[in-house]
Amino acid sequence: AGCSSGGSGGATGGGGSAPPLVIHAVDAGTFQEDFNPYHLEGVNFGTSGMIHETLMYFNKLKPGEITPWLALGHEWSDKGKSLTFTLRQGVKWTDGQPFTADDVAFTFQMLKDNPQLNRNALEIEEAKALAPDKVRIDFKNTSYAKLFNIAGNSPIVPKHLWEKQQDPATFTNPKPVGTGPYKLSKFSAQLYEMEKNPSYWQPGKPEVPVLRFPAYTANAVQTALQQGEVDWAGAFVPDIQKIYVQGKPEQNKFYFPPEGVVTLLPNLTHPILSKPEVRQAISLAVDRDKIVQVAERGYTKVAHPTGVPMPGGEAYVPDEYKAAAYKVDLAKAKELLKGVDPAKLKFTLLVPSPFTDWVNAAQLIREDLAKVGITIETRGVAFQDWVSKVGKGNYDLSIRATASGPTPYFQFRSMIHGSLFKPVGEAATGNYQRWKDAETDRLIDEYAATEDEAEQQRVTQALGKIMVEKLPTLPLFYSPSWAQFRTNKYTGWPSEQDPYAMPSPYTSPDAAVVLLHLKPAAK
Amino acid sequence: MKIKIGAGILVFFTLMALLGPLLISADPAATSNDGLQGPSAEHWLGTTQTGQDILTQIVYGARISMGVGLLSAVIATVFAVLVGLVGGYFGGAVDETLSVLTNIFLVLPALPLIIVLAGYLPQRGVASVAVVIAVTGWAWGARVLRAQTLSVRRRDFVQAARAGGEGPFRIVFFEILPVLLPVIATSFLATVVGAILAEAGLSFLGLADLSTVSWGSMLYFAQNGQALLIGAWWWFIPPGLCIALIGTGLALVNFGIDEIANPRLRTIKVRKARA
Amino acid sequence: MRFLARRLGFYLLTAWAAVTLNFLIPRLMPGDPVELLVARMKGNVDPAAIDAMRRAFGISDASLWQQYLAYLGNLAQGELGRSITFFPTEVSTVIADSLPWTVGLVGVATLISYLVGTSLGVLAAWKRGTWMDGVLPAATFMHAVPYFWVALALVFVFGVTLQWFPVSRAYGLDVMPGLTGEFAGSVVYHAALPALTIVIASMADRILGMRNVMVTTLGEDYVVMAEAKGLTSRRVMWAYAARNAILPNITSFALSLGFVVGGSVLTEIVFSYPGIGSMLLKGVENEDFPLMQGIFLVISLAVLVANFLADLAYVVLDPRTRQESE
Amino acid sequence: MIVLEGRNLTKHFTAARGPRGRFGKRPPVRAVEDVSIALRAGTVSALVGESGCGKSTVARLLAQVYPATSGEVLLRGEPVRAHRGAAFKDYRRQVQLIFQDPFASLNPFHRVRYHLARPLRIHGHVRSDAHERELIAELLERVSLTPVEQFMDKLPHELSGGQRQRVAIARALAVQPVALIADEPVSMLDVSIRLGVLRLLERLADESGLALLYITHDIASARYFAEDITVMYAGRLIESGPSEALTQSARHPYTRLLLESAPDPDRVTPPEATRHGEPPSLIDPPGGCRFHPRCPVALPVCSSEAPGRTELGEGRWTHCWQADPASAGSVLTS
Amino acid sequence: MNVLEIRGLGVDYLSGSGVVHAVTDVSLDLRRGEILGLAGESGSGKSTLANAVARLLRPPATITSGSVVYHREDGSSLDVLALKREELRRFRWKELAVVFQSAMNSLNPVSTVGAQVDDVLRIHAPAMSRNERTDRVVELLQRVGISADRRRSYPHELSGGMRQRAAIAIALALNPEIIIMDEPTTALDVVVQRDILHEIRALREEYGFAVVFITHDLSLLMEISDRIAIMYAGRVVETGTARGLHKTPRHPYTLGLLRSFPRLHGPREELLGIPGTPPDLRSLPPGCAFHPRCHLTVAECSSILPELTPGSTEGAVACLLNGGSGVGEEES
């Protein structure tokens, strides 16, 4: 795909008259002055995407759709151990310096030198500028599967400024200089503002002149949404019709596309839960529709049995299961449980108690499973406790969201890859239910060893089949990605019909892509 | 009078906690499709967002809230009695150590400490929350009891018991302890109030076990579900009111006890002289 | 002054205990902040990066003893480490940003609550048998109401329903912090409801406590004597009765400060007030050891200082305790 | 026969409160200094002195509630050394104490029966429950609390002050002591009921051969109930003698002052109006004779040296520089 | 002649367990410049009576009957029980002052002795300048034997005797007509007590105020007072001159009291004492309240309430014996 600009030229010239856009991305009481895009939580939203840009843009809503950004193209060599980018020319840093391959090489070299910034664990060997518009990055291992992390999730920083920093890990980049469509114009603990970069490389863009980021806590943003203070938010709203929509669905819009999947984790080291028929029975007994309606308030959808986010992931779903959907079948569930000692059908269901929707879902699961003779004790624990217990495998059943990525592969890898298997008692970082299956591992490794999209899709479909048939974990519903946007100032937001980017303001660099699509609303 | 009203409130809630679940034998966490209903004939106190019946939750929550309150007050009081009486009676280095310990716990801000402790709590069951609250709640009682013990120790009947040959154990627990019962009762009741409030606070912060229904967790969910913004007053008023009422009941009984000990504290009706 | 020296010694000891407790609690409990971070970041972080990050956050495997010494050493230099939640911001910076809000809010609210509560307590005791007795049931009730519930109720009534007051943050969005009237006005306006919460919820204790001591004091011979001397009621009430009754209340007031601070933590959370309470909760949720430790320490020390000030006040106000006190 | 004797008893308290001196050490309260006193079987002796002069401290030293700073206590001529264990328990059995305030000396929580049963049990006087009951009944009868059945199950607050003091006496008697120290046993009682309690004590000494120390600030009652009187001032003994002789012709100026000051409607001439000043502080007592600052006849030596004991014959002695053993009459010529 | 006349005064305490008739139908006269002693056992209503006169009773006490009339020297009189707040304030201390039992407790612990004297002057003599007041304070303190530099001392820095003197100094500040002294010396030892009694007598000579002196120590009263009233169970059972009462007590209770005190001088008389215990004021025995403890009781004592009737000598007695004149010569 090309540069999906779609810019019909400045409808409102200059931008002086266009109103600022008020954005709430993440809950915060106050802001710290931190614009280092490689910091995890302290960094202020907008740093990557709006200020610091990535080499390419990966649309997670359309797996496989990749847009050139700072890089115009890429090329693998050395069996996936070497990656060469061709860079866009004429791009300038906001301080006027030209953007070159040196900056890209510097960025990746910095990740190599500062492992704590290397949150994607890229196995970088060396990054070298070959020419002003050519840069090559060498890896220790085959890294085809990490293209997203390299090109889509590593914002480029200016060498001429960053190389002066002694410790980039603690550098807070208070006066960020980037290539992006915006630059920081104002900062205070409660509010920061960005204004458009007049010399942005996409001519005529962006059309939103000023972005305002007020600090709202999870609580405060609700009031703000109700009172129309915020134009674009990524918040969980308990009762979206009452609090936000307020009877104006054409103006107060929201769009909650899937981002990963929430599954019911069965601990496979448990003698009873390791039986496929038991997992099958559980899956048949759980009324996922009700969970989605009651616990998730209808904000999301029941997951596809493969766990692949739909719509969008069609290409990654095996044909025979394209139309598959969950159906409650208590009779069949009971049938499956015939051979199991009913006295042993007692499990605890561990949920992190701050996640109230999951607590409610657990409650519903308890009610459902009771109907087929399975006794569930739901236990709400502290988030930390839950992380530690699930990580170490000290649980019977739990609920957990999987990691997500630009293709379903990322999800499968973290969900069921044997390399993440850890014995009970040792903290795992994925595959929490402890699935061990040679075929699964072979398939995942095959994916990582190829650059070919068709091949990748085939492998992913096979993994989906395993999900449906062997039930290593039981998908429940998609994790919704939260996005509320009001159309009274700007239009052009992503929608189910045109999912050109993740609509949530907290996903980067997608949010920047969205901003570049926005146009002042017609008066 | 105060005691009567206070005891009335307490009896009401105790009965509610003990018998309520027998009368309303529904699952307090059970969800239904009629969410966010205001009070009606079917749901006397309305429903939560997920259609849980608030009355049922209040009734079942009474057990947890009062249970935590009582349990931690019992633990704290036992501790306070031991520390206070032993320190006060034996004096010397034992007392010095114990009073420094007491004073430390007294000045350390309790709730932040509870929050920090609870934040690390591996298990957030009723018992462990109660223990954490007790850990931070015994010091006041111990201090009061120590001061009282110091004065009772000097009282002649203690001296007389000692002169009569009683051993220290018997003096502490048979001579001093009974005399301090009203003080212990007062400190116990005050601790219950404190513990109920602390549990509510913890639950409200989401730091207690939220899968069990307590008044605090109800408030947590109400706050989380933006009951305020939606105008669902029936969701957050009842649990808070229950906490406040139970606290009021306990306080009334407490003040009643105080008034028996110190009749001056009574409110009085000024009657016209019958000339 | 020996009395004060003794007290000072005690406070130093307590401060040390708080510091040590602070050091020990997180280390005796399970949990790992980096794991949490990864869990929260849902795939934005590759698990393989965990070790490097753990090191960056200063989580060390040194022996407890060494860690303790290092901790004390850092503390002595005023270094509280870097927050994990707000990495790489220094904990001291986070605290410095949030503490003034809490101190201002709690300070002013407590002052108001103390003055009003004490006065009401004095009056309630003085005017026994009149309508003032009606204050007591109300105070008894308020005494048992959770801070956050008062906060919720105020938000509901004045924030949501009547929309008279803002219900979150410390000053208006468009107001730039500075020494301007506009900023000050905005701060006061935003602090109104949180302060009211603290006043309402903490005042009851002052009323009841003051009344009880006052009633006892009113029975003292010197008050009866003052009355017999034909002094005006005002003078008897304030200069004789209240002046004495306030003494035992100073200590209980100082001790209750810890409670008020606890309550204000909850209040801040309801009102999204950018104070130390919100930060503490954030620290706890993220298992941010350095932040929690720093905040708990600061709160403890603040309460200690307040207690010490109360001791000072006591010494100034009571000619008898210039020697010793329990 | 001397049953209980204190020799050169001295007690210094380190005050728990009060100003500290240099180096943060508080000066001691010199409550009792060099007091020797002997109690004889079947005899009531009185210890008289104004409030705060150390009477109770002497009583407690004799009863070994706390140890003396120096000096020793002898029981039947044997020095008492043990402060715990069986030997001490035995001492407790022999020497009992009755307190000033009957309202405070009975635990409000326990019934009369319990108060009497405990000492009986502790000291192993009971063989069975029935025996215990019998003994209790006997005790109550001895202190004239009849009908005993009615009193046995009463709580202290159901008793009048006099009755309570009787229970306290019965409790002391329960251990079957040989010496009884009564520390102002009636000063808290109403005038009209004091007599009954005092008579009971007198009778007990008489009938059971108890050695009884009657401590009081009312020298007139000592005249009536005690055989001999010892007068104490600011922690020291100053004069002693048979009660009649001492009250009728006191030798020490302080005793005379005490006698003069005691209200007496029979007095013909009112005592002269001179100010006598306040009793001295025991933290920093006056040097020499502790009475010298208030003494109308003080000599220079009085302020520098404490007077020794002057025997006056007939069992009388005094500590005064002006005492003259030769002249049997008044010490003072004035 | 009389500076204060109490007529038929009754005071009740409304307590939870019943009404305590602390003072019942008491009539008494206080003559100008005299010392009137008020004696009786603990709980007989002495303090209640004094407080009623000073209008210091607090709930739950209520005055149920009677009147208290105060006569000024110029002949005008005041109904004390009917005084309004402001009038009462002026009446107190200018006309009537009080000295309480324990001076430690009647002095404000947090202000200096001087300030507490000054307080009175400031309120009641607003015309006085600051210096005049200071002079007066010094004068008053010196008058009762406290040196001028002690006026800056706090009560806890003074000895018991000095505190009691300070309390008396405060009472004297405005030259009142009447000083009520409620057990002013019980907390002191005899020597100091003696000094203070002298002081009071001397001051009385000097200023000519009348004193109501309350104590349960009858022998003390007999020495200091001019006239004495004996109270039993809320009633005045006998009045008379100190000398008369000492020589010929008319009421068996007075007799009992007198015979309870051991004497220091003269022969060792036999002590009588009074059997039994003081009555419960909530349910008094019918007739004469003293009859259950009386050794001379006659049949009517348990049914007829004796009136206080003037006897042959100056004084009055409420006793049925000998036709209402109380104990005769032979019985005593």
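Order of writing sets the labels: A, B, C, D and E. Residues in every chain begin at 1.
The working rule: a residue touches a chain if its C-beta (ideal position, glycine included) is under 8 Å from a C-beta of that chain, and two chains touch if they have at least 3 such contacts.
The chain lineup, named per UniProt: B, C = ABC transporter permease; D, E = ABC transporter ATP-binding protein.
Here the structure is a predicted model, which is why all the values come from computation and not from measurement.
S.K.: Starting from the Cα centroid of chain D, hunt down the chain whose centroid lies farthest away.
M.R.: Relative to chain D, the chain whose C-alpha centre sits farthest away is A.
S.K.: Sort out for me whether C-E or B-C is joined by the greater number of C-beta contact pairs.
M.R.: Pair with the higher count of C-beta contacts: B-C.
S.K.: So what's the Cα centroid distance for chain D and chain E, whole Å?
M.R.: So the centre of chain D lies 32 Å away from the centre of chain E.
S.K.: Using CA atom averages as chain centres, what separation in Å is found between chain B and chain D?
M.R.: Roughly 49 Å, centre to centre.
S.K.: What whole-number Å value describes the gap between the mean CA coordinates of chain A and chain E?
M.R.: Centre-to-centre distance between chain A and chain E: 91 Å.
S.K.: What whole-Å value do you get for the distance between chain A and chain C if each is reduced to the mean of its CA atoms?
M.R.: Computed value for the inter-centroid distance: 40 Å.
S.K.: Residues touching two or more other chains, restricted to chain B: which are they?
M.R.: Where chain B meets two or more other chains at a single residue, that happens at 118-122, 206-207, 223, 229, 268, 270.
S.K.: Of all the residues in chain D, which ones touch at least 2 other chains?
M.R.: none
S.K.: Tell me, which residues of chain C touch at least two other chains?
M.R.: 30-31, 128-129, 159-160, 219, 269-270, 285, 287
S.K.: Which residues of chain C touch chain B in their complex?
M.R.: 10-11, 13-14, 17-18, 21, 25-26, 28-31, 128-129, 133, 136, 140-141, 143-149, 152-153, 155-156, 159-161, 208, 211-212, 215-216, 218-219, 255, 257-259, 261-263, 265-266, 269-270, 280-281, 284-285, 287, 292, 295-296, 299-300, 303-304, 307, 326
S.K.: Using the touch rule from the top, collect the residues of chain E that touch chain D in their complex.
M.R.: Against chain D, chain E makes touches at 41-42, 145, 159-162, 188-195, 198, 202, 216-220, 222-223, 242, 246, 256-257, 260-266, 268, 271-275, 277-278, 293.
S.K.: For chain D, which residues count as touching chain B in their complex?
M.R.: 63, 65, 89, 92-93, 96-97, 99-101, 104-110, 118-119, 122-123, 168, 171, 174-175
S.K.: Could you list, by residue number, the parts of chain A that touch chain C in their complex?
M.R.: Counting only chain A, the residues touching chain C are 29-30, 32, 34, 36, 39-42, 115-116, 118-121, 149, 153, 169-172, 188-191, 214-217, 219-220, 223, 260, 354, 383-385, 387-388, 391, 401-405, 410, 414, 420, 427, 429-430, 479.
S.K.: Residues of chain B touching chain A in their complex?
M.R.: These residues of chain B touch chain A: 27, 29-31, 33, 35-36, 49-51, 118-124, 206-212, 220-221, 223-226, 229-230.
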